[in-house]
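Each of the next two complexes has subunit A plus one more chain, namely subunit B in the first and subunit C in the second.
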Partner chain A sequence: MTPFDTHPAGLLPAGSQDRTPMPSPLEIIDARKSFRTPEGGTMTALDGISLKLASAEFVTLLGPSGCGKTTLLRTISGFETLDAGEVLIDGSAVTQMPAHRRPVNTVFQRYALFGHMSVARNVGYALEIAGRDKREIRTRVGEMLELVGLAGMEKRSIQQLSGGQQQRVALARALAAKPKLLLLDEPLSALDKNLRQKMQQELKALQRELGIGFIFVTHDQEEALTMSDRIAVLAHGQIQQIGAPTELYRTPANLFTADFLGESNLLPVKVAGGRASLRDGQSFATEHRAGEATLLLRPEALSITPPEGHALSFTGTIRETYYTGTDHQIALETPAHGTLHALLRSGAALPGLGAEMTLHAPAQGLHLIDEAAP
Partner chain B sequence: MTLARRKLLQLVGLLGAPTVFLLVFFFGPLLIMLVYSFLTPGLYGGVDWIFSHLNYGRILGWADTRYEKFDPVFIAIFLRSLRLAALTVLASLLVCYPAAFWISRMRPGMRDFAIFLVTLPFFVSLIVRLFAWVLILRPTGFLNQGLMGLGLTGAPIEFLYTDFAVILGMTYVFIPFMFLPLYGSIEKLDMAQIEASSDLGATRFQTFRKVILPATLPGIVGGSVITFIPALGNFIVPSVLGGAKVLMIGNLIEQQFLSARNWPFGSALAMLVMSAVLILLIAQFRLSKKEAQA
Partner chain C sequence: MILRRLLSLYGLLFFVFVYAPILLVVIYSFNANTLNMMIWDGFTLDWYRQLFGMETSLTQSATFVDSTDQLWGAVRTSLIVALSTSVFSTVCGTALALAVARYRFRLARFYRTLMMLPMIMPDIVLGIALLIFFITIGMNLSMMTIIIGQSTFLISYVFVTVSARLAEVDTSVEEASADLGATPAQTFRKVTLPGIAPGILGGWLLAFIISMDDLVITYFIAGTGNTTLPIHIWGLLRRGIKPEINAIATLMLLFTLVIAAAGLYFRSRRQK
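And now, the complex of A and B:
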């Protein structure tokens, strides 16, 4: 049944509400921003960034410190103004709108909870400011605390809470006013590893439940891969690549993304006549354009037993091994390619340190990066 | 030697000397003052050891009817002192709060220098600084000459020997007292909390009222108390800048001891000031305790 079936013909003008697509929760168009450094120079934090959320997505801004990810987040929340470009939230331009009027809320890195207020007043702060009546605020605060697993903690003071609980209060506070978009500025970096993994899963579940867009800033690639619908890898104020975690991990567009996301072996290749040749003379079929390129071999793609069909082989000396429980990490020193990193399922019989060993990789579906290896 | 005995000996060793010093040089004189305030003044100064409650009566409402009628002038002077001290606190707060805010946001090097500048007046004698204010405020002083030169006033304005001059002088003297505790709490203020407040929809004014002010309240209270106490008992500023026109309780006490040689009455006045200060301190203590619990 289409929307037209429910209305008499002709009553519904073309392009009416039912047919217009939902506006994007967030759109950034060619954002530019530079800062003056104390030494008198200028530092470009955002160098022409465009980003559009298709729907209520979980998008992570990932990059090393100084890549511009935090600046980008702050231009969305309104704490930084752009030199050029536009920010649209839910279809309307907010570029010139001050932070307190934007329909977005932020979970801050160090939570920034109000120490002189109770948990309930922290969570209800946005509603108190908006002048809602007390009963409504109390109900909403109760709901929010339940949502983040802190039901009944209204009267506690912030100092009585553990780091993980403070994190949850910050989350509840940011969600209480029903923002169109939630911004998270490395909110998990202060938590210990177990708690961090738990919160990652909870955040992802929460985002699905609420159906609003989450923009999550982190420098932790594992965190980004775990939670995101899409990841935008940032460096030098530009988006290096944006896409689903699997896409970025398997087919990175450039060396930066390949290197930043996960462990990688990057081998230089020459492509000519539909074949890519490695330095040691091995070659495989490719559709990549002719010229210099880089072969990405993830450590887990290497194995002890050769795969079916044509394969690449690398023989070398074992220099280091680490046992992680599920895997063995191996550093293999090869004459032609330097040190290769491999991740082998535990249980395999491994020769000792200094012994010679041959590892194999399937010659199909190898990913080439259109950039010469460093 | 047992551990407990050793601990006790350490405690006595550490605290013994300061305790004795305070007992002899602080509680001793205080006790003498308390006793004197209930004695009768001697004819040629000093005291006669005859109990009398009339020193307090003279101030609070039951005078010695053989010699005088009750005169509320002492209460009036006391109330004026309270008022001038309170206005001094208010004026220093208005000067120091924005200044402390501004200085706390400076670069570290500049910040230390600015704090040094705030405490700089301590390096010059108080009397010299107050006479400098006389030169500025008197009818032929810089301020009046400036105002007349600009044509803002035809005749010199009476600044000197007014409440205004006394408040101005005391504010000037006590600014470092107010500044340092205020700065302490403002510097600790988490900038992220201000951003969080704004992020949650608060205007600048709402953020100030609901986040900044409550978070810096301990500094405001601390600075106010530490300014109010010496301002209430001050006698140097009112005697230099207030002259004979603006008498504060401190001047009155000074006169009783040095000119009138009525030590019992002077002691009674001093006890009155001290009780006012004590009441204030107890109130502040109660308030901060209640806040710590909340």
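And now, the complex of A and C:
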């Protein structure tokens, strides 16, 4: 048993109990928000976003800067108000509720710790505000610090801590009041690579242990793939696609998602009569509707040795090779398709730069994107 | 090499130019010569003893007044004025700085510029303007008019000091506080105020010292019965320079230094 078990049904507000036994931790319905720019124009940050957490999920909002992900997070925490739409937390509408009354807590990008308070007072802040008694706060702060691996650091001042430790204090502080939902605004972006990977794993484990919903904002696609139960890819204030990491990686719905998540080779195809044909005349069977479409070939789908059965082959000149230890990254310049990127297991015998080479991909289970290639 | 030496010499001369007169005032305040204070005639504490109403070997003709009651009355007036003005200016200046820094409203930049204006306004213009204003609205010149008048420009000093501090405080800390359930009032008390406290303290001390020191503006708006220390000294000087003025000046200098040192001390303690 951890101190974070979700509230037993009997403790839930009566209103939320009537609808469903277990309300969704977060539901956003057709959220719209635009800002006035300093130049006098308007900028649409959220253009009709709907999102519902099925249960205590780890959902990542992924997108380039300016895609609306931070605005969306701020409308959940209550720092921005929507022009139109609804936000429901744990089954009750909070759209008009000010930030300090919402049952969510946030881990801020640059931690936003209170520099004039000790670690213990930072972590206990929410409980102190709620007027809990000192003994209870002390116990809870101790538990929280132990949870994030900072046991015994109560008396330290914030300035004495390293970046990684500050990150943990911010996490403990946000979790101390047992929020229904934890919001994380690019919390790992200030950490170095090793620490970031360690924290990614810890956050994921923590979310499972606590059993509450996490909404994680990042522009780092690798981070999103590693941690999330589901990823919502955002661009231009809209959700481009939402789904499990593997689903988004293998079967992206549009070119933006395909391009933003991972490396990709995007080849234009024409579909007619149940077959898709490439520019160079090669073709394969597909169930995709007739018309123009785009074939997605991930770099790791290409190989030197031809697979069993029907395969697509691409012959070209090697323009670049990078060795990463586990893999060789290759840029192959082909006459019909331009430059293709391939990821080959190291150990394969590779011809040198400028040499000719043929790569193969199995012609089954290929994913077509219902959008003409750029 | 020569250039370096010349530069060092220039630096030395600069500090001599700035501090020698002040140093002389301090030295002369211990001079026993009652007739000509420019000629050193041995060490004495008589000028200080005289100020504090103690027994001295000084003759009547050497000093300005029979008793120092007027002087201490002026000190008292100055302290009351400086205390009221600085507290009032600090509250108003801080509130204004917070409003301009934290809320988006039309003309915010215009307001900021407007707040700087009293600092560059010539004292004499401000003094005349205030005098005309008080006469127009039929307000008798009193200690109250000094306090109101001084506050008009001291608010600007506090505004600038607190604004500088506010610019350094990350607004995300205030958001974090709200996020953790604190009402705007709680956030202000527990997070914003401790963050800008050094700026507020600095602004308050600055306002206090400037108020204690102001002559020109106060001269216009002080009624006859409300002589502040600078006005009193100005009055004394018109009857010729007597050595006891050096003792008064030295004490004022000491007082200012103590306040400034206290300000710096509290600031450095906060930053630890």
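One rule holds for everything that comes next: the second predicted complex is superposed on the first by the 353 of 374 C-alpha atoms of A that agree within 3 Å, B and C clash if a C-alpha of one lies under 4 Å from a C-alpha of the other, contacts with A are read in each partner's own complex, and residues count from 1 in each chain.
Rule of thumb we're sticking to: a residue touches a chain if its C-beta (ideal position, glycine included) is under 8 Å from a C-beta of that chain, and two chains touch if they have at least 3 such contacts.
Note that this is a predicted model, so its numbers are computed, not measured.
Asks: Once the two structures are overlaid on subunit A, check if subunit B and subunit C clash or fit side by side.
Replies: clash
Asks: Of the partners subunit B and subunit C, which touch A:Y125 in the superposed model: first, second, both, neither?
Replies: After superposition on chain A, A:Y125 lies in contact with both partners, subunit B and subunit C.
Asks: Classify the contacts of A:A224 with the two partner chains as first (subunit B alone), second (subunit C alone), both, or neither.
Replies: neither
Asks: Given the touch rule stated above, what does A:F114 touch, subunit B (first), subunit C (second), both, or neither?
Replies: both
Asks: Considering only the touch criterion stated at the top, classify A:F79 as touching first (subunit B), second (subunit C), both, or neither.
Replies: In the superposition, A:F79 touches subunit B and subunit C alike.
Asks: Return first, second, both or neither, reflecting whether A:H100 touches subunit B, subunit C, both chains, or no partner chain.
Replies: Both partners, subunit B and subunit C.
Asks: Between subunit B and subunit C, which residues of subunit A are contacted by each of them?
Replies: After superposing on chain A, subunit A residues 77-79, 98-101, 104-106, 108-110, 112-116, 125-126, 129-130, 173-174, 177 contact both subunit B and subunit C.
Asks: What residues of subunit A sit close enough to touch subunit C in their complex?
Replies: 77-79, 98-101, 104-106, 108-110, 112-116, 125-126, 129-130, 173-174, 177
Asks: Sort out for me which residues of subunit B touch subunit A in the complex.
Replies: Within the complex, subunit B contacts subunit A at residues 190, 192-193, 195-203, 206, 210-211, 214-215, 217, 294.
Asks: What does subunit C use to touch subunit A in their complex?
Replies: The contact residues of subunit C facing subunit A are 170, 172-173, 175-184, 186-187, 190-191, 194-195, 270.
Asks: Under the stated contact criterion, what part of subunit A meets subunit B in this complex?
Replies: The contact residues of subunit A facing subunit B are 77-79, 98-101, 104-106, 108-110, 112-116, 125-126, 128-130, 157, 173-174, 177.
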